[in-house]
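Each of the next two complexes has subunit A plus one more chain, namely subunit B in the first and subunit C in the second.
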Partner chain A sequence: MSLVDESFELKELQVLEGHADRVWSVAWKPATGFDGVPAVLASCSGDKTVRVWEQSPSSGSFQCKAVLEETHTRTVRSCAWSPSGKLLATASFDATTAVWEHVGDDYECVSTLEGHENEVKSISWNASGSLLATCGRDKSVWIWEVLPGNEFECVSVLQGHTQDVKMVQWHPNMDILFSCSYDNTIKVWAEDGDDDWHCVQTLAEANNGHTSTVWALSFNATGDKMATCSDDLTLKIWGSDLLTIQSGNGSAPWKHICTLSGYHDRTIFSVHWSREGIIASGAADDAIRLFAEDGDG
Partner chain B sequence: MAASSEPNSREDIFDSSLNLEETHLKEGYNEGYADDLVSGEEEGRQVGLKTGFEVGEELGFYRGCIDVWNSAIRVDSNCFSSRVVRSIKQMEELLNKYPISNPEDESVSDVMDSLRLKFRAICATLNVKLEYNGYPKSSDGGNIQF
Partner chain C sequence: MTLGLINANPVVHAKKERVARPLDDPHADDAVDPLEIYDIVRDIRDPEHPYSLEQLSVLSEESITVDEKLGRILITFTPTIQHCSMATVIGLCLREKLKDCFPAHFKVDIKVAPGSHADEEAVNKQLNDKERVAAALENPNLRQLVTECLYSSEL
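Our next item is the complex of A and B:
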């Protein structure tokens, strides 16, 4: 039975209060929330802080366990846990990216990555946790390598987008980087051996792409499909040949599969593809919608 | 004799008054051309001097940084990671490639952009806040300090 035949309902469990300004982004800590390990969530805000919330095993409610403050001097725009959950990276409008480590009961800022000329919008760890990508309003995408001792080295600065880069996301199993921007395009970046990163594909309007700012992108569990959302009020599904991606030689081109329109009548800011195959979208029309693929695709 | 010379002199008189507009147009054009030839060259020289100074200053700044980094590497070859050493070398190649004597070479802006990018990447890794105050940043808002 496919997901489409079931009926789903979103139920609000709790409202977490504590931030003094808008909350821009949240991130679930990997390897938590099952097998007896309490779920942990990080949230970042315009109040320049990041809060870490933990679910109480007994009551099921989330409590604020830590406040990461006095580091960023402006809004923290997004946060991302490393795949192991050991590190938390936070991107801020103050042009820096901070990396935090859980030390005892608190979080310590172990590194600050500088380089962007202005607001950093998004960060993403690759699947192995060896690379970190950041992007920002200065139209560039930076790739950093994680070295022992929480040292970070800049591998490459990628120029190509002609406007503010809104989000970066690594492919779930290959070291291929995707970025989406205010310039309406999605770019795919791959390494040609030895730190030589360049754009191998651009998904623009001509390729059935978006006609306005692309705000977010998300991969399905197998990594052969991608969902993107945009200010043009649509969600688009893209696909690529899994075997070609995995073979790693040359890059597998991404093609437009379908466009979901008419569901939101305001900018769609956020999209995420769950492991079980549900696509969730959040838009300025104050609605969250859940999509599932029916048998015919 | 009278018949043939009269039409000529009549033509000449009328010619000059008929072509008044064209004559003055031409005169004005020539005047302007001559004037601008002088002032245009002067202005061009000023722009050339200014641009040349700015480019030279920026390239010199990068040359200085590379020289210091190279000296450090000579003293202790392990002071920087292999990636940084490679980047410095790449930056040096770019610097040498810059067509200093040929301002009309179209690659000047590309080479300069690549140089700036490499410089920022190296500084970011070395965690140094070296900033060349001369070149325009996309976020500039009159914040240049000396």
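Our next item is the complex of A and C:
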């Protein structure tokens, strides 16, 4: 893989101020930011609130449209919009996950998901918006079914990780769930028909996996490749066979393709694979790096 | 939680003499001086005993190393015994005390001295996981303990 060529540049557009403590996570609202629909962004913070920002069509600058407060009693660690953009789920160190709905000018908390024993770290909606996954320091991954009337029902509690689970992410097209953890592994979870979820693969050190906490994972647009990042200072690219995945065979195996090392000298906390094929990484060395695949793969 | 003190008979050392800094000290500017950092942390009280980390030799001047060019600070501390379950609390106290002391680009790593703790790797991993540290400091019980360790020396 080669570094992105010089014609690419990241330009800071605006600094959004308002949060009173560390901002842990941001999420773009789906179906906004093009075709005349103003871009909308959610951010969540150690100040226990979530802010929703909207870009002004005339000036192009983002303004804070809503502050979602008085619900979480500790840091809000991450937020995720449902695929339709109608709901926003927020995960908190207070052990709950709140689900918010845009009602008029404001956001209302329509549901609170309880069950985790301690800090909830990540949430992910599946592609159809019918399932929600959460994970946390209690080492478990929970899968919730989205029912009519903003009701949520837990369908499975997945045990398997031996430490704090940092992030969960659904596959972009199939109902296959991925999780990554302080136990240095990535786990793949699939269902065999009757709401019976189990771990179908574990990517550990022995499989060319990471040697320290895996903080994040992200899929490419087609869903046959995945990027992961870690406290071991590397990014890893993994691949699977697209046809096997799509055939509904949950246990299509994932294999290590390559490791990107030497680009960050401190923990890499975040990785995201854009629809156009650029991988962005963010690390504790205060750097954001962009990667693109060269012609040879 | 074990009942009673983990280490009931710690060895206590005399406090080292403090050097008063002259007013025209060349270090009295933005430079990050290991001795200045040491001054900030030496009086943190041990979570279990009414003595400072310096008095218990948990910290010494040599505990602090600064790489000014890279913007890195490494603090190495020595728990009083190999199975000290307070090691993570001491680490949290150090982080909290030093929280607003440096320019934002400085990175602080906190580790136990090599060979000084039975679960060295596990303790170091927790102390340098910023999400775990942040969550721990939101826990009211831990927060209370940390506050006592940091501020009782000011009484």
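We adopt the following convention: the second predicted complex is superposed on the first by the 290 of 297 C-alpha atoms of A that agree within 3 Å, B and C clash if a C-alpha of one lies under 4 Å from a C-alpha of the other, contacts with A are read in each partner's own complex, and residues count from 1 in each chain.
One rule holds for everything that comes next: a contact is a pair of C-beta atoms (placed from the backbone, for glycine too) under 8 Å apart; a residue touches a chain by one contact, two chains touch by 3 or more.
Keep in mind that what you see is a predicted model, and the values were worked out from it rather than measured.
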(message) Using the superposition on subunit A, tell me whether subunit B and subunit C clash or fit.
(response) fit
(request) May I ask you to decide whether A:Val155 touches subunit B, subunit C, both, or neither, giving the answer as first, second, both or neither? (result) first
(message) Which partner chains sit in contact with A:Ser43 here, subunit B, subunit C, both or neither? Use first/second/both/neither.
(response) neither
(request) Give one of first, second, both or neither to describe whether A:Asp164 is in contact with subunit B, with subunit C, with both, or with none. (result) second
(request) Could you tell me if A:Thr71 is touching subunit B, subunit C, both of them or neither one (first, second, both, neither)? (result) neither
(request) Would you check which partner chain A:Phe93 touches, where first means subunit B only, second means subunit C only, and both and neither mean what they say? (result) second
(message) With both complexes superposed on chain A, which partner does A:Lys121 reach: first (subunit B), second (subunit C), both or neither?
(response) second
(message) Taking the superposition on A as described, I'd like to know which of subunit B and subunit C A:Ala284 touches: first, second, both or neither.
(response) second
(message) With both complexes overlaid on chain A, does A:Leu113 touch subunit B (first), subunit C (second), both or neither?
(response) first
(message) Just to confirm the value: shortest Cα separation between subunit B and subunit C in the superposed three-chain model, in whole Å.
(response) 8
(request) Once the two structures are superposed, pull the subunit A residues common to the subunit B and subunit C interfaces. (result) 118
(request) Please give the residue numbers of subunit A that touch subunit B in the complex, ascending. (result) 113-115, 117-118, 138-139, 142, 145, 147, 152-157, 159, 195
(message) Quick check on the complex: what are the subunit A residues that touch subunit C?
(response) 22, 46, 74-75, 77, 93, 118-119, 121, 137, 164, 166, 182, 212-213, 231, 266-267, 284, 286
(request) Mind listing the subunit C positions that touch subunit A in their complex? (result) 105, 107, 125, 129-132, 134-135, 138
(message) Could you list, by residue number, the parts of subunit B that touch subunit A in their complex?
(response) 81, 83-84, 86, 113, 117, 120-125, 127, 129, 137-139
